[in-house]
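Following are the structures in question.
Shared between the two complexes below is subunit A, which pairs with subunit B and subunit C, respectively.
For the complex of A and B:
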C-alpha cells in the first residue's frame, strides 16, 4: 500500500511538472474550463430570470446542485479523467502491453499516470460556485455537512465507475472517441432536481445508474431535504464503482493486442 | 459551365470517398441514436417542469419549445463540422503542403469532405433520431415550411463550415489552436441557442447576436423550422429571416477569404 501511495505521489508530481513546462497552455485551458463552469448554470439563471422556476426549488438551491455536480466532476476528472483516453489510445495502437508489462496493477498504473491537471479549473470553478450558493442557504448544521461529505464521496464513486466502464467499453469498441458522450448524456440528469423527472427515471437515476448522487442528493443533504431511506442509494453507488473496476479488469483479460 | 461540371465531379468524388471512409466507423455516428434522445428527454422534462402553469415563456409555448429542441438536435446532426480541427492538424503537421500540390482549393476539398461526412450523418444520426422523436416522444417534427427550412439548414451548414474554417486558419499564426477552438466552442454553445432559445437572454445580448455568427448556425434554422422568428424585439417573416441568414453567410465567406489570403502568407510548410 505504501508503495502504491508513493507511486501515486510521484505521478502527481510529474503531472504538475509537465503542466508547469507548458504553463501558458495550462493557464489558458484552466481559464477556459473555469469560464465554462461560470457559464454552465447560465440556463438555470435565464430560466429564473424569465420569472419561472423548477417547482419547489429556489435559484440558489438549483445552483447548489449544479455546484456540487461540478465539484464532483472536477474531482473525478482529476483522478480518473485520463483513464478513458489513455486506454482508448493504447487499444487503438495495440500498445496496451506496455502497461501490462509494468510491475504494478495495470488499472492503478493508468489511474496514477493520467492525473489530469487540466481538471483543476473544473474543480475550482465548482468550488467557487459552491461557496457562492451555499452562503445563500444560511446556517447549515454540522450533521448536514457530514451527510453531504458522505454522499459527495458516493457521487464521486459513481463518476469514477462510469469512467472505468466507458474505458472498458473502448476495449471492444475500438477507437470510438464518442464513447464519453454516452456517459455525459446520462449525467445530464444529475444536474437538475430529480423530482422534475418521472418516477421511473428517478428510480433508475438513484438505484441503477446512480447519477442522482452526483449533484442532487449531496446538495439535498446540505439543505436538509434528504430522508433516511435516501441513504440506501449509497450502496448502489459503491456497487457501481466496484462494477466499473470489475468490468475494466475483465476487459483487460480480453485484450487482443491487434490495435484497430 | 465546364468549370462547374468539373467542380461537381470533384465534389462527388471527394464526398463519395469521405462517405466510404467514415462508413467504416458508422457505429461511431450511431452513438447519437442513444445520446440525442437522452439529451432530448432531459430537456423535455426540464421544460415541462419549468413551464408548469405558464402558457408562454419568452414568447414561446411548451409545444413550440419541445419542437425547438427537437429541431436544434436534428439540425446539429446535419451541419456538424470539424474543419477547424482538421485544418489545424494539417498545419501543425506540415501536411497542408500536399494541398498546394493538388489541383484543388483546400477549402473546397474540406467542404466536399463535409458533404460526404454529413451524408453519413443524415443516414445514421438524423433519420434514426427523427423517427425516435416522432414515434417515441410524439413530437410534431413537421417544419412550418419545407423549402425555407431546407434553405435555412443549407445556409447554417455553410455558415458553420466557414466559421470553423476561419477558426482553423488561426493555426497559421498559432500552430496549436486548441485554446481558441475550445473558447469558440464554449461561446458558440451558448449563443447559438442550442442550450436555450435566445429569447431568454437580456435584450442587449439578443441585439448583439445579429452581429455575431452564432445565431445563424442553430437558432435561426430552428426558428425557421417552427415558423416564427423574433429576436431583440425584431419580428421577421421566414423569408426575411432566411434572407438575413444568406447575407450573414456571404459576409462570413468574405471574411473567411480575407483571413485565408493573409494566412497563406504565413505558411511555412514546416509544421511543428
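For the complex of A and C:
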C-alpha cells in the first residue's frame, strides 16, 4: 500500500511537471474545458428568463444540479479522464507492454500516470457554480451535507466505471475514438431534474446506468428532496464501478501488441 | 545446469481480417471480411541457462518481438508453456516483472515531457528501491553509460542514443536477474551502438546477468551473443552457438563501392567475390569471402584497379542468413 501511495505521489509530481513544461497549453486547455462545460447552465438561465421552467424546480435548484454534475465530471476527469485516451493510444501504437512491465496493477498505474491536470479548471468551475447555487438554497442541515457527500462519491464512481468500460472496449475494438460521445449523450440526463423525464428513463438512469447519481440525486440530497428509496441507487453505482474495473482487467488479456 | 528460461511448444496465434487493396475490395471488406489466422510464433521450444546472452535473430515480421513479449509476460501465449525464474510470466506477471528488466528499442519507458531523472524516480517508487541504493546505482549506471550530463534535460530534447542509454538505466535500476532487449540498437549510430554493446557485456560479466536479445542486426549478435536462435515465419530454424551459425554463414561481408571512374569492363566475380548488385558501372555491391581474403587485402586489390569515392562494409543481411540456413540445413559443415 505504501508503495502504491509513493507511486501515486510521484505520478502527480510528474503530471504537474509535464503541465508546467507547456504552461500556455495548460492554461488554454483548462479554459476551453471550463468554457465548454460550464456554459450549459446559461441555457438553464435563458429558459427561466424566458418565463418557462422545469416544473417543480426553481432556477437555483436546477443550477445546483448542474454545478454538482460539473464538479463530479471535473473530479472524475481529473482522476480517470486520461484512462480512455491513453489506453486507446497505447493499444493502437502497441505500447501497452510498457504498462505491463511494471510490477503494479496496470489499471492503477494507468490511472496514476494519466492524472489530467487540464480538468482542474473544470473542477474549480464546478466548485464556483456550486458555491453560488448553494448560497441561494439557504441553510442546509448537516445530515443533508453527509447525504450529499455519500451520493456525490457514488456519482463519481459511475463516471469512473463508465470511463473504464469505454477504455476496456479499446482492447477489442481498436481505435473506437468516438465512443465517448455516446457516453456523453447518456450522461446529459444527469444534468437535469430526473422527474422531467419519462418513468422508464428515470428507472434506467437510477438503476441500470445510474447517471442520475452524477448530478441530480446528490443535489436533491442537499435540497432535502431525496427519499429513502433513492439511496438504493448507491448499490448499482458501486456495482457499475466494480464492473468497469472487472471488464478492464479482463480485457487486458486480449491485448495483442503490434508488429515489431 | 538448470535453465532460467524454459519454453515448451510456445505458440501465439492472431486472427486478423483481409482487407484487400483498392476501393472496390475495401468497400467489399467492409461488409464481408475474410478471416486470416496468423501464426506469429509457432511451436517454439528452447531453454536458456543463467548468464547466457542469447540472440534471437530473424527478419522483420519473423515473430521475435512477439516471442520476447510473451517471455516478458506482456502477451498471453495461445498455447505452450513458459517458465522464467520459476514463474509463468503472463499468469504471475505482477510478481515476475519485478525480477526482469526490458528495453524495447521502439517503445520508450521514459516520460517524454520531463527529464529522465524524474522517470528514474518513478521507477524508484514502483520497485520500492531505497534512496541509498537508488543513488548508488544511478551513479554507477550514469558513469558506465556516460549520461550524467543529460539526465536533467527534458527527454524530448535528447538524441536517440542518449534516450536509449536512459532506457537502459530505467531497466537496470532495480537490478533485474534477466534483461530482455528488443532491437536495442535500432536506429543508433556506430558510437552509440558500441557503447550499448559494451554496457551489455559488462552487465553480463560483472553480474552474470542473463540477456535475451532480439535483433536483425548480425553485428549485435556477433559482438554479444554466446548462443543464437533464428526464427523465421514464427518457427525456429536454428538454435546453436554463434560459432556454429558462422559455419552456416561462412566468413562473408558485403562491400558496396561508389567508383570515381567507370568499372564497366572489370570482372568482379572470382573465387572470393561475388557480385550482388550492379545498378551502374559506377556502383557495385560485392559479397566477399573473408576466409579467403582479408578485407584490407581485398580493398588494396580494388584500389589498384579503380578509384572510389565511397565505400561501406556490412554484415550479411538477416534474410541471407535465413536463406543460408535453409540451403545448408542438411549439409552443415563441421
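Quick notes on this structure:
What we mean here is this: the second predicted complex is superposed on the first by the 255 of 260 C-alpha atoms of A that agree within 3 Å, B and C clash if a C-alpha of one lies under 4 Å from a C-alpha of the other, contacts with A are read in each partner's own complex, and residues count from 1 in each chain.
Here is the rule we use: contacts are C-beta pairs under 8 Å (C-beta built on N, C-alpha and C of every residue); 3 or more make two chains touch, one makes a residue touch a chain.
Being a predicted model, the structure only gives us computed values, none of them experimental.
Room for both subunit B and subunit C is found when the two structures are superposed via subunit A, with no clash between them. By the touch criterion stated above, A:50 is placed in contact with subunit B alone, subunit C being left untouched. Of the two partner chains, neither subunit B nor subunit C is touched by A:131. Judged by the touch definition given at the top, the superposed model places A:149 against neither subunit B nor subunit C. Judged by the touch definition given at the top, the superposed model places A:6 against subunit C, while subunit B stays out of reach.
Of the two partner chains, neither subunit B nor subunit C is touched by A:208. By the touch criterion defined above, A:256 reaches subunit C but does not reach subunit B.
When the two structures are aligned on the shared chain, A:235 is found in touch with neither subunit B nor subunit C.
Contact with subunit C, but none with subunit B, is seen for A:96 once the two complexes are overlaid on the shared chain. Closest CA pair between subunit B and subunit C after superposition: 5 Å apart. In the complex of the two chains, the subunit A residues touching subunit B come out as 25, 28-29, 32, 35-36, 39, 42-43, 46-47, 49-50, 52-55, 173, 175-179, 181-182, 184-186, 188-189, 192, 196-198, 201. Subunit C contributes residues 14, 60-61, 64-66, 69, 72-76, 93-98, 102, 104, 106-109, 111, 113-114, 118-119, 121-122, 124-128, 154, 182-183, 214 to its touches with subunit A in the complex.
By the touch criterion stated above, subunit B contacts subunit A in their complex at residues 25, 27-28, 31, 34-35, 38-39, 41-42, 45-46, 48-52, 54, 57-58, 176, 178-179, 182-183, 186, 190, 195-196, 200-202.
Across the interface of their complex, subunit C is touched by residues 3, 6-7, 9-11, 13-14, 17-18, 21-22, 94-98, 100-105, 109, 253, 255-257, 259-260 of subunit A.
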